[in-house]
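If you scroll down you'll find the structure; I have some questions about it.
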Amino acid sequence: METARLETFSDGVFAIATTLLILDVKLPTGSSVTHGLLQIWPSYAAYAISFLTIGIMWINHHSIFRQIDRLDRTFLTISVVFLMVVAFVPFPTRVLADHLHHDATAAAFFYGLTMTVMACMYACLWFYAATGRRLIAADADQRVVSGISRSYLPGVPLYALAAASAFLSSWLALGLFAGIALFYVLESSLFGRAS
Amino acid sequence: METARLETFSDGVFAIATTLLILDVKLPTGSSVTHGLLQIWPSYAAYAISFLTIGIMWINHHSIFRQIDRLDRTFLTISVVFLMVVAFVPFPTRVLADHLHHDATAAAFFYGLTMTVMACMYACLWFYAATGRRLIAADADQRVVSGISRSYLPGVPLYALAAASAFLSSWLALGLFAGIALFYVLESSLFGRAS
Amino acid sequence: METARLETFSDGVFAIATTLLILDVKLPTGSSVTHGLLQIWPSYAAYAISFLTIGIMWINHHSIFRQIDRLDRTFLTISVVFLMVVAFVPFPTRVLADHLHHDATAAAFFYGLTMTVMACMYACLWFYAATGRRLIAADADQRVVSGISRSYLPGVPLYALAAASAFLSSWLALGLFAGIALFYVLESSLFGRAS
Amino acid sequence: METARLETFSDGVFAIATTLLILDVKLPTGSSVTHGLLQIWPSYAAYAISFLTIGIMWINHHSIFRQIDRLDRTFLTISVVFLMVVAFVPFPTRVLADHLHHDATAAAFFYGLTMTVMACMYACLWFYAATGRRLIAADADQRVVSGISRSYLPGVPLYALAAASAFLSSWLALGLFAGIALFYVLESSLFGRAS
């Protein structure tokens, strides 16, 4: 009950950030529809990766709030900063989509940087709550709590690695961003366990 | 209760995708207001068809969630992909509105393709849940479940047919998209039965 | 309970349509900030009138749903069409803001036309439900129901009159749109009574 | 219960206004991605300040609604006007981001003016409800109510001062806007007490 208002705030930001992504998919001017639709495939790829990443994060966000039953000032501050990063995602997505054919390294690195910061804030959110069961409900199963902690550990290094890989090849970076999203879709060990 | 978070996620995406459609209705520059307002009637048509299609789909989505009372990993994955397609709809709508006077075949086919994929994901969602009553609530009436299954069967072939008809005539395709939306508004057998 | 999904759908569309209005307030290029901010006052006026109109309509919408406790197919169809008109409002608002100094008659008439259609669909919604207490809850006070009916009767003719007045003067029309919004803010007899 | 519909309306407007802010962060054309990303740092600053300001306001908004258990016509009118100002914030944010290198005084003053009006409407909202415990729940602790009142008093003069400081230096004003947001994040005395 006490966490309800924060969950509502978060749900709104997640849903809108996800749906706004489509506004940045645009047909180029001066080419036929068919040609244009094929030419902008980087926009589709960027759209799909960002949508899946935020979508999965939203689902997991609900899972962690089932373990938490109180808030404090620090947790709230972390939450607002985390959501500020989530709502920022449409910008690097647009930059990536617009520059995948040109100046792709910088765009892919910037995208990866944003994802890394987001994963970082998300980990902060959870580990602040979970350390010493600070905000964890009394009746929450410690095995579930530890399981969530385990599944969140690789997030930050994975995204940092994917971001850095942009300097080798922006295509590799893109593949890794897609791979991490897919990994969290398929694994969802968190969610599966929580259900 | 367990499905609540997914319903909230879905509700947000449906509502925002629908409302964003208006951002793509724009007055052409360099003509009088009256002339411009009349000239962009394809934008109104595309707006209305997409709004009605998503609106009805939302209503039916709530109906199917009254039959379902648990989730699993596969169902969640299908859901996220389905919502990714719903949130994509404003893009083909814009393409269709901008090209109904010019290069209309490709635009209408692309619109129909998106609708077909959306109908397909929607059918996957339902049939995954309903087959062998996998995720169906124990107290759900089998006649209602079978009724829903029956009413969803024609969706995919109807949209595929409408998409293909764009190669004959983009006007015919547009008429069929409108017709299918109208059919689901008027019929809503699903909803009527559930009420 | 049965009406909850429709209320959620409606709430989403109302909130988003209202908030999207700001995207159309834009500083003109090629002038100083101070000059530009003063020059676009028609944008502020259009923003305020549309925001207040939809805001009040949303509040009243909740009031009528406290009298209603069931749905049918026709009511749902009317609802979806009504929301399609609500979500359409940002477009005529933008047209009005852009053309208040030039070609204002057509813009003001189009705005008024949209408002008239919206008022009309809103009245349809209520009178369909209220006639013969078709969808009215058994324990709803008939005096409240009749009071709501009385307060909705003037909406359509008022907006039609304001729209027609654009041919005399677009300023008069603007004043009347503002006046009607203000009237429903201050009066809110509906809401006052319902509280 | 009676206040639920107003809270839903408010939640929607807060969440959407916050998330729309990212649409105004844009890469300049004609420069490399790296150079462009660095060049638009005023956009990031404006984004962060506005996001934090609205985010904190939302959280506090929920706190005050825990003390309130009824509405009246005047309170509703104040609420709609308040939300109209909240939904307006993306516009001065965009103006500030676009003009921090050029014509910054006017842009910073306009931003500060909007914040002052928002703080003012927010104070109206609370003091109207709290004066003589007009709309306060019978079981609300008077010490909490007085604490909220105390913490809201400095808002309007602080923002007015920050707005005025734009005439000395737009950088000073920007710093003060950030400082006030940070102050309310860290203090959140309201929230801390309410938890």
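Things to note:
Order of writing sets the labels: A, B, C and D. Residues in every chain begin at 1.
Going forward, contacts are C-beta pairs under 8 Å (C-beta built on N, C-alpha and C of every residue); 3 or more make two chains touch, one makes a residue touch a chain.
The structure presented is a predicted model; accordingly, all values stated were derived computationally and were not measured.
Counting only chains that touch, the fewest steps needed to get from chain B to chain D is 2. When the CA atoms of chain C are superposed on chain D, the rotation angle comes to 90 degrees (nearest 5). Interface residue usage between chain B and chain C, two copies of one sequence, is largely distinct: under half of the residue numbers at the contact are used by both copies. For the pair chain A and chain D, the distance between mean C-alpha positions equals 26 Å.
Put simply, the C-alpha centre of chain A and that of chain C have 37 angstrom between them.
Touching of two or more other chains is recorded for residues 11-12, 16, 20, 23 of chain B. Chain contacts here close into one cycle, and each chain has exactly two touching partners. Contact residues of chain A toward chain B in the complex are 11-12, 14-16, 18-23, 25, 27, 32-34, 37, 47-48, 51-52, 55-56, 58-59, 62, 185-186, 188, 191-192, 195. Residues 2, 5-6, 8-9, 11-13, 16-17, 20, 23, 70-73, 76-77, 80, 83-84, 87-88, 90-91, 94-95, 98-99, 103, 106-107, 110 of chain C are the ones touching chain B in the complex.
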